[in-house]
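In what follows, chain A forms one complex with chain B and a second complex with chain C.
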Partner chain A sequence: MVYSNPVLFDKSVTIVEKFTVRQDCRKILIISAEPKEADAIQQLIDEINGQTEYELIEFNDETQLSHVNEILDQQKMGTQLYISAKWEDAVSIFAAAIEAGFSEGEIQTLISGKKKRYVYCLKCYHLQEAAAEETDIVCDHCQISLEIGPFFSRERKGYIGYPYNPAFATTN
Partner chain B sequence: MYESTNLDLFPYPFHNIKEGSNYRYSNDLRKLEKDHTNCVVITPEYEKQIKRKRELLKEQPAVRFQSYPHTMAMQWEVVEMLIEMAVDRYPEHFQVEKNGNHWTFHNYILNETESFIFGDASSIELEPLDLIGRHFTTDFVLMVHRDDNLYLEVAQESYAALFSPHWNKGMTFDEIHAPVPFVSRTGVPLAERVRNFLIRNVLPGEPWTRINWNLMANRWDVNYETFDTWGPTRFLVTPENAGDLVRLRVEEQFFYRMPRSNAILFVLNTQFLAMKDLVLRPEWLNQTYSILSDIPKPMAEYKGFSPFIEPTVEYLKNLVEKIEFQTN
Partner chain C sequence: MKAFGKIEVYVGKIVQETKYIKRFHLYPVDRELLPAFTGGSHIATYVKNGAETIERNYSLVSHPTDRTQYAIAIRKDDHSRGGSVYWHDEIKVGDRLEISWPKNHFPLAFKAAKHHVFYAAGIGITPFMTMMEDLTAEGKSFELHYAARTKEDCAFYDYLMAKYPGKCHFYFSRTEIPKKMTPVTMAEHRIGSHVYFCGPASMVKEFREAAESYGYPSYAIHFELFAVADKGPKNPFVVKLTNSNKKVAVSEEETLLEALLKAGVQAPHSCKVGGCGSCEVQVMEGEVDHRDHFYKDGERGSKKVILTCCSRAKESEKELVLEL
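Entry: the complex of A and B
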């Protein structure tokens, strides 16, 4: 793992509401780890409409997912990757793809269910999940109040959580 | 508190601002003159500062020092450069003996000796930059040049304001500066421009410098990790106590291109001057008063002094008037 590699986070540029086909690629690889999204996958295949070579790989359980590295490593240059999965699976497939040499511009990720957002406590360096709409949170490790900032760290895998003293909170 | 007592060594931040002009962010990098490229400075506060720096590193190692394991060779290169600078400028305080790769570094101010095999990290207990950094009062950051950006890969920090090696580890120059309202007088975004400037102009043997400044209210350490503690104390400043509580906090910064690793070494010399000591240099007092009277709101918010800028300006105004009255 190279530290400067991108990681999947809730505002990742690769996350899409709907897949779109890029015709300029040599091959399309679809990794589908969420059977519930079968419709979205079918729509994508209809859109490809035989114009571009494509391969569909369906994973139904964890053991199969462990082969993902192998599959991604074998891909030729110019392959576009489409990931359809729940959050945790998408995170590991994404990381494997980056490791295999895919750039963010070559990946589209369709998340099934909720995207997750994490906050990194700058008081005790603990990472915890926060709901999408939350602006403030209490650290469940050190109990300090944290204001969630807009800055994300690949290294810490979360948004900055500024510790503050709520007794002195100001409105600005 | 470590106030600068030798004002000749205090890097007054507004030297290059025209009289009567205000302060705005800009690419204020200046090339160092050929015979002024040495960043090692021994001030009268040297021993006190080293003591505090080592305490902080010991109490909060994860807050104060961060690195990647692959940076050892780059760190040794910095060790070599700093030792050379120290010996060159202060031979009475620092000496080095080299027997092949067996080096012995003497610090006569502290009466300490460091012996190690140069290039062999197993010959020392700390990482190379962490070890040598404990002999100098400055902070050190190594920004590694990869694909048109600079990435923070090593940092030892005890003094610089709003700087967290732990949080900034692995970030690019642009990511590090994202919280700064880093725009020019005319609103042009500066981060990318400054980054490209650094990459193109900081060359081996051609270091650059700039001065960053802030104000702090009765507090030495102003990092994000302890914001809950120092944040509230900012509200205690009044026009009566600002002279003692508020300090001009200045970072004289140096940028060196390391010839072997191609990384940029960023060195920060942080010095403090109490508002009341500005009277020692009346021209500094007048200019600081004038500049602090006109700080854009986003800049004051970012720098963290919006809760006490008004009483501070009020204090300086009274001081300026008092001095004018005395001299007339």
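Entry: the complex of A and C
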């Protein structure tokens, strides 16, 4: 894994509300780990309408999901990948796809349920989850106050949390 | 050591690679080491032929970590503008010449690619020699597809077979059982592959179009040409230069860049085949007949620019006004 490889985060360009078919591909690979999104996948298959080869792989448990690397490694150039999963599974499948050689432009991700947002502490590098609306957070590890910045670090897999002293904080 | 300008070298060794290809080893005259370079780099060579200086670009084929010398491989082309014929017929061991610092318009997509696939036709093998050395040093995955007329015409055949066993696929078109290199193999490359083409314009065009049709993203397709693609008749035209207040006439036999340099205009340039963008000049007025392969289709319409090494005025009757 290269440290600068793309990772899935709440604002990733690959996250979509609805799958769309791209005309410039030879094959569509659909990986579904979320049975609740069956309608979205059926819509995609309807839209493909037999015009492009497609393969649907459904995972129902984590044991099956461990085979995802093998499946992704076998894909050829010209394949578009569609991921339908809950956040944690989507993050794993996405990472495996990047490792196999897919670029972000070749992936669409449909998240079932909530997306997660992570912040890392610039003092101790601890990574923790933060709610979408939070602008400040206290580091679980070193207890320092952090202001959540706009920059996402691919290496740390989280937004940068800038330490500050709340005693000197100004309120707007 | 100066960071820019030309480097004086002498020809230390000449090796006849095939009937039509010679390898020239160039050694520095006034320094111990030559500048470092990366896979895919080339140099411009400046050879004096009487009052004329023959300037040609050649890919480096020597090992990128060997800074004691550079090597270039040149195919003798009797239909050329004279550069390769001069190198083959006149250049001898001991001759001195000037070269540029190495430039790389054809770099490897090191970080992005999982697997690199090279397609070479004839002397198009040259940039891949150093690219494969770099990839080997980094432990990266690659394969080579290489077309030549016969095994005897295939430069570096023995070297490649010995150095990269299992990675090289040769296609000889004039043998008892002819084998043609076609783009079909690209359909089988694994996800994360980047393809690189080097050869005649027709070959590069065929492989680029095929790669796009197979769904390769544009950033996974890389190529280098030897010459400007033939895109129709060349009409004479006139350019007006706003900075120097000069008018320069361009005949049908020459490029705009050649006419500008002949007129004493310091026009920027490098590859001379419409591939690197170094010779870009802003267009103030007039329509451009774009003949480059540097810009994307959309850019040609939206940008008011011209690459002087290959593009021309759309209409002979109307002047092009350039910010130069």
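Rule of thumb we're sticking to: the second predicted complex is superposed on the first by the 170 of 172 C-alpha atoms of A that agree within 3 Å, B and C clash if a C-alpha of one lies under 4 Å from a C-alpha of the other, contacts with A are read in each partner's own complex, and residues count from 1 in each chain.
As a working rule, contacts are C-beta pairs under 8 Å (C-beta built on N, C-alpha and C of every residue); 3 or more make two chains touch, one makes a residue touch a chain.
As the structure is a computational prediction, the values presented were derived from the model and not from experiment.
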Contacts of A:Phe151 with chain B and chain C, given as first, second, both or neither: first
Touching partner for A:Tyr125 - first (chain B), second (chain C), both, neither: first
Partner chain in contact with A:Ala100 - chain B first, chain C second, else both or neither: second
Touching partner for A:Met77 - first (chain B), second (chain C), both, neither: second
Touched partner set for A:Asn165, first chain B, second chain C, both or neither: first
Partner chain in contact with A:Ser112 - chain B first, chain C second, else both or neither: neither
Contacts of A:Cys25 with chain B and chain C, given as first, second, both or neither: second
Common interface residues of chain A - those touching chain B in one complex and chain C in the other: 4
In the complex with chain A, residue positions of chain C that touch it: 111-115, 186-193, 212, 214-217, 219-220
Contact set on chain A toward chain C in their complex: 2, 4, 24-26, 72-80, 100-103, 105-106
Contact footprint of chain B on chain A as seen in their complex: 3-4, 120, 122-123, 125, 144-145, 149-151, 153-156, 160, 162-165, 167-168, 170, 172
Residues on chain B engaged by chain A in the complex (per definition of touch): 62, 68, 146, 151, 164, 166-167, 169-172, 175, 178-179, 224-229, 231-232, 235, 301, 306-307
